Every structure is written in C-alpha cells, then in structure tokens.
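Below, each structure is written out as structure tokens.
Both complexes shown next keep subunit A, but they swap its partner, so subunit B is in the first and subunit C is in the second.
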Partner chain A sequence: MDQLIFLIILVGVGYTAGTIAEKRHYKSIEKRENKFLKLSVVTLKDAFDKESPILRTRLVQGSAVISIDYFKRILAGLRNIVGGEVKSYETLVDRARREATLRMKEMAWDADIILNLRIETSAIGNSANRKKTIGSIEAIAYGTAITYKK
Partner chain B sequence: MILTNIESVPGKNIVEHYGVVSGSTVRAKHLGRDFMASLKNIVGGELKGYTELLQDSRAQAVERMTEQAKQFGANAVVNIRFATSSVAQGASELYVYGTAVRVE
Partner chain C sequence: MKYSPRKIKTNVNISHTSPAKDFFLLLSGIFCVIIIVYFILGLLVNVAVARLPVQVEEGLGRVFKQFYENAKNDEESRKLQGLLDKLVTGFPEEGRAFRVYLVENEMVNAVALPGGNIVVFTGLMKEVEAEEEISFVLAHELGHFANRDHLKGLGRGLILWVLSAGFLGYDNSVTALAGQSLMGVQMKFSQAQETKADLFALELMSEQFGTVAGAVAFMGKISAKEGKGMLAYYFSSHPHPEKRVKVIQDEIRLKGYNTKGSKK
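Let's turn to the complex of A and B:
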C-alpha cells in the first residue's frame, strides 16, 4: 500500500512538473529559433557562395541531454502492451534535437551559412545499457560554419 | 588549426594528406551528480550536469585529435565525425576522428 501511494505521488509530481517544464521549454525553443531564422543550415557540402571571399571556416557544435519525466515513462511502458505511436518519447527526442541545433547556431552567431549538418542521438545515463528503460538521451548537432568577408 | 566536417576547406586548396587522426576520452560522472540526475529523472527536463560533462569531454577529445594532427605537421583537419558510445554502466566514450591535411 505504501509503495502504491509513493508511486502515485511520483507520477503526480512527474505529470505536473513535466508538463509545465515541457511547455516552457517549447516556448523558449520557438523564441530562439525565430531569432536565428536568417542563418541557413543545410546538409549539403558545397552550398556556399564560391564567388565571395571567405573570412573564416570552423567547426561548430551543440549538445543537450534531456530526460523524460516519471509519468511519461509509465505511460510509455503501458504503450508497450498495445503498441503504436509513443507520443511522449517523440517530444523528448524532438526537444533534445532542436535544443542541440539551437546551441550550435548560437555558437555560430556570426556565420553566414552552416554546411553539412549532422545530428546524432545516443542514450546515456544509468539506463543506457538496459534496453527497456530509456531515461535520458543526448542529441549532438555539428556542422561547418562559414563566414564571408564583408 | 582549421576544423571542418566537409571534405575540403572552402577557399583553400589541400596540398598534402597525412591520414586519419583521432581522439577519444572515456568519462564517468561522480556520485553527487548522478544523485541529482536521478532526482531530475522524476520531473524530466534538461540534465545540465550531464550536458556540461559531455561538452567538456568532447572538447578534450577534439584537443587530443588536434594535438595528433599538429605532430604530423598538419594545419587543418577535414571530414570530422563524432561518435558516442556507452562502454559501461554510467560511463560513456566520446570519440572524434578526421583526416589531417595541409591547406594553402
């Protein structure tokens, strides 16, 4: 009985805090994404302007580790029984990737274009070696930033 | 040292190849950080301690790679790739590799 109450408390805290944190995170992601609308990021390797002289070429990268809340973890566990789309994990990886890409752009604030964007994801933390419970994931985004001579 | 993850350095010509250079580091987090992270696991959100730790270790791996490239006499590393793997419970390996070249 005690354990059940403890579990319900964990789920409750996870649900309220997790939902608020996620909404706030999405709001900040959207705000910062709008700020960097002019900086184009491509997965091509030769999309830069070959006519204009280049001031600087450098590697830029950004990463973020995002963890899922307790409520969603249980929800995903239930989802495993019937199968289908697991929405709660979709937002987790989406947030991690967008945050990583944003940090990369922040590192390349003076660049004109970022070439050959690569995004990688890996499960880290205690649960990394246990397949069943994915707790937190790391997303890393990297690319080559090019700045033209003005 | 110029680093890129494309095959060339835009605006410059590659005059010499020195082969593959790489750097890696295996890091584990300390107990206090791990405890904080497990608390954060309940409410979800970003684990800042882990992000910092991985960023630091990745910077160290890149440092080791450029050090190796310098020894060859290279002034740029092209086509860089990052890889992450968890080697043991609570420890992860960060690996970075690329091709050392001289550009003019």
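Let's turn to the complex of A and C:
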C-alpha cells in the first residue's frame, strides 16, 4: 500500500514538474527560434549563393538531452499494453530536436546559411533502453555553416 | 533561390490532446478489462472447483501445512476431533477425512483450509465455552467444505496473482500483496457464501444432534458482541454478522428446528 502511495506521489510530481518544465522550454524555444529566423537551415548540400565570395565554411553542431518524467513513463507504459501512438514521448523528441537545432544555430551565429542539416536521436544514460527505468533522449543536429564575404 | 523566413504557427509533430485525460482513459480502460477477465475466470473457477477431485484438494492442502504444524495434541483437541467426527457422519460427500487442529493463537477464529483441515485457534476456545457452540463453528466450516468455498477463494486469489504478475510484473508490490493473501489464513468469503455455510451448519446440527441450540447460543454472542467486542476477530474474516443472525433465525422458524433440549 505504501508503495502505491509512493507511486501516486511520483506520478503527481512527475506530472506537475514535467508540465511546468515543458511549458517553459517551449516558450524559450519559440523565443529563440524567432531570434534566429533569418538564419536559414536547409538539408540541401548546394543551396548557397555561388556568386558570392565565401568567407568561411565550418561544421556546426548542437546537441540537447531531455529527460522523461515519471508521469510520461507510466503513460507510455500503459500505452504499451494497448498499442497506438505514444503521445507522451512526442513532445520529448520534438523539444530535443528543436533545442539541438537552435544550439547549432547559436554556434553558427555569424553564418548566412547552414547546409546539409542532419538530426540524429538516441536514447542516453545508464537506463537507456532498459525496462522500468527513466531514460533520456539525446538529439544532435549538425550541418555546414557558410559565411559570405560582406 | 530566395529564402523567406516565416514563423511556424502550429506544431504538427506533437499531439495537442491532454496527457492527463489520456492517462485516465487508458488506466480506467485497462482496469475494466482486468475486472472483466477476473470475473470470467472467477466463473470458470467455480465450474472447475466443483469438478476438482478430492485427491487434488488434499495435495493442495499440504501447501498450508505450516498453519497447523504446531497444533496441540491434548484432551481439548481430541474433544474437538470427536465433535467433528460426529458431525462428519452427516456430511453429503462420503469417504472424506476431516481433521481439526487446535493451534495456540490469540486470534478468535477458525479457518477451513484445503484438504479437509480445520484450524481452530485457542482464542476462540476461550470465548466459546459450550460444546454446542463450538459444534456450530465446526459445522459452519464444514459448510464451506461442502460448498468448496475455500477452493473458490484460492482459485480467485491465484487468478488475481497471475493477472497482477502479468500486467504489473512479478516483483511488483501489488503482486506481492496478492501472493500474500493467497497464502493468508484469513480467506474472506462473501455474504452469500457465509449464509450458505450457516444454513448447512443448521441442517447438519439438527440432523446429528437433534438440536440447533448451539447455533442460537453462538448467535446470542454475536448480538452481544458490540458490548464485548471480544469476538470481533471472528467477524473480521466472517463478515456481515447482523444479516447472518437474521437469516439463521428465519431458517430456524421456517424449518422448525429444535432450539432447546439436549443431544440425541
């Protein structure tokens, strides 16, 4: 019984803390995305202006690790029984990818365009891919930043 | 190629539904399924238990040996066995052996275990002085055997444990609890089961002793239990005393059982 109460507390704490953290994170993501709106990121390899002389090209990367909360894990566990979309993980992956892309943009702050964007995701931490433990997700975004001569 | 930056208005990569709603919907859905499965399997248990050979039940009974290993072997326990032997001659199934064990314990209780073993705790013996009253308790436990209530309880407990282990995992606290109650001495029966065992006991007593005075005396103690609270233990595992008293009184009136007089 006491373990059940402990579980309910964990789920409650996970839900409250997780929701607050997620809202704040999305706010920050949107704010910074607007800030870097002018810096274009494409998956093409040769979408740059070939007429303009290039000052420099370099590899830029950004990575972010986001942890799952207890509520999301339980929700995903319940979902595992019946199948279907694991909605509770969606925000996690979305946040990690956008955060990683943003950090990459922050690294390429003076660039005019980032080419050949690649995003990769992996489970991370001691508990990665293990049952009954809380895992984290890592997203890494990398590309080639090109800065033109002004 | 001209690049024109534009703000993304909606996020298509995440679901815009409430996770809390999702959680409660899933939880209640799975809970409902478990209850339905438990109910259906429970009905199957009732069917299976009615066909279970006595030998199998006796095999099952050995699992519960720990409860009566330290049973007393004195005059009082032999007297109990004598009472039980007398009652058993009127038991509907023939050729079944029943043993009663008197175990040193403060609990005011008696328990029917699989394999025809009845455990009476010394706490109950202190509360119930008259032979007729303890006969009623023994007859009541025999009623549980006749209806195979203890096996039904065991079967349902086993189902609960399997379901819990399947859904929540073997090392879960809920599973542990289900496992404990499976082996628990105090198996709880429903009101209908208790009443059926009571009626069986009345008939058996009337047949064997020609009187149900013991039942009346025992029920008198039940009525007075609020004042004393001494027999409370017995009712924690044998619930619904008030309704049982009424049913017994009605049955005595209906069948015209002899409530006075001595033994045959």
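One rule holds in what follows: the second predicted complex is superposed on the first by the 145 of 150 C-alpha atoms of A that agree within 3 Å, B and C clash if a C-alpha of one lies under 4 Å from a C-alpha of the other, contacts with A are read in each partner's own complex, and residues count from 1 in each chain.
To be clear about the criterion, contacts are C-beta pairs under 8 Å (C-beta built on N, C-alpha and C of every residue); 3 or more make two chains touch, one makes a residue touch a chain.
These numbers were taken from a predicted model, which means no experiment stands behind them.
Student: After lining both complexes up on subunit A, report clash or fit for subunit B versus subunit C.
Tutor: fit
Student: Using the touch definition from the top, say if A:122 reaches subunit B (first), subunit C (second), both or neither.
Tutor: first
Student: Between subunit B and subunit C, whom does A:147 touch in the aligned arrangement: first, second, both, or neither?
Tutor: Neither subunit B nor subunit C is touched by A:147.
Student: Quick one: is A:69 in contact with subunit B, with subunit C, with both, or with neither? Answer first, second, both or neither.
Tutor: The answer is first: A:69 touches subunit B but not subunit C.
Student: Determine, under the contact definition given at the top, whether A:38 touches first (subunit B), second (subunit C), both, or neither.
Tutor: The second partner, subunit C, only.
Student: Which of the two partners, first being subunit B and second being subunit C, lies in contact with A:4: first, second, both, or neither?
Tutor: In the superposition, A:4 touches subunit C alone.
Student: If you count the residues of subunit A that each partner touches, which comes out higher, subunit B or subunit C?
Tutor: It is B that touches the greater number of subunit A residues.
Student: By how many Å are the closest C-alpha atoms of subunit B and subunit C apart after the superposition?
Tutor: Shortest inter-chain C-alpha distance (subunit B to subunit C): 15 Å.
Student: Pick out the shared contact residues on subunit A: the ones touching subunit B in one complex and subunit C in the other.
Tutor: Common to the two interfaces on subunit A: residues 72.
Student: In the complex of these two chains, what residues of subunit B are touching subunit A?
Tutor: Residues 2-7, 9-11, 34, 37-38, 40-47, 50-51, 54-55, 58, 80-86, 88-90, 92.
Student: For the complex, give me every residue of subunit A touching subunit C.
Tutor: Per the touch definition, subunit A meets subunit C at residues 1, 3-4, 15, 33-34, 37-38, 40, 47, 71-72, 74-75, 78-79, 81-82, 85, 87-88, 90-91, 93-94, 113, 132.
Student: Using the touch definition up top, name the residues of subunit C that touch subunit A in the complex.
Tutor: Residues of subunit C touching subunit A: 1, 3, 5-8, 11, 13-15, 17, 19-20, 22-23, 26-27, 29-30, 167, 169, 173-174, 177.
Student: For the complex, which residues does subunit A have touching subunit B?
Tutor: That would be residues 10, 13-14, 17-18, 21-22, 25, 45-46, 48, 50, 53-54, 57-59, 61, 63-70, 72, 99, 115-116, 118, 120, 122-126, 128-129, 135-136, 138, 140, 142-144, 146 of subunit A.
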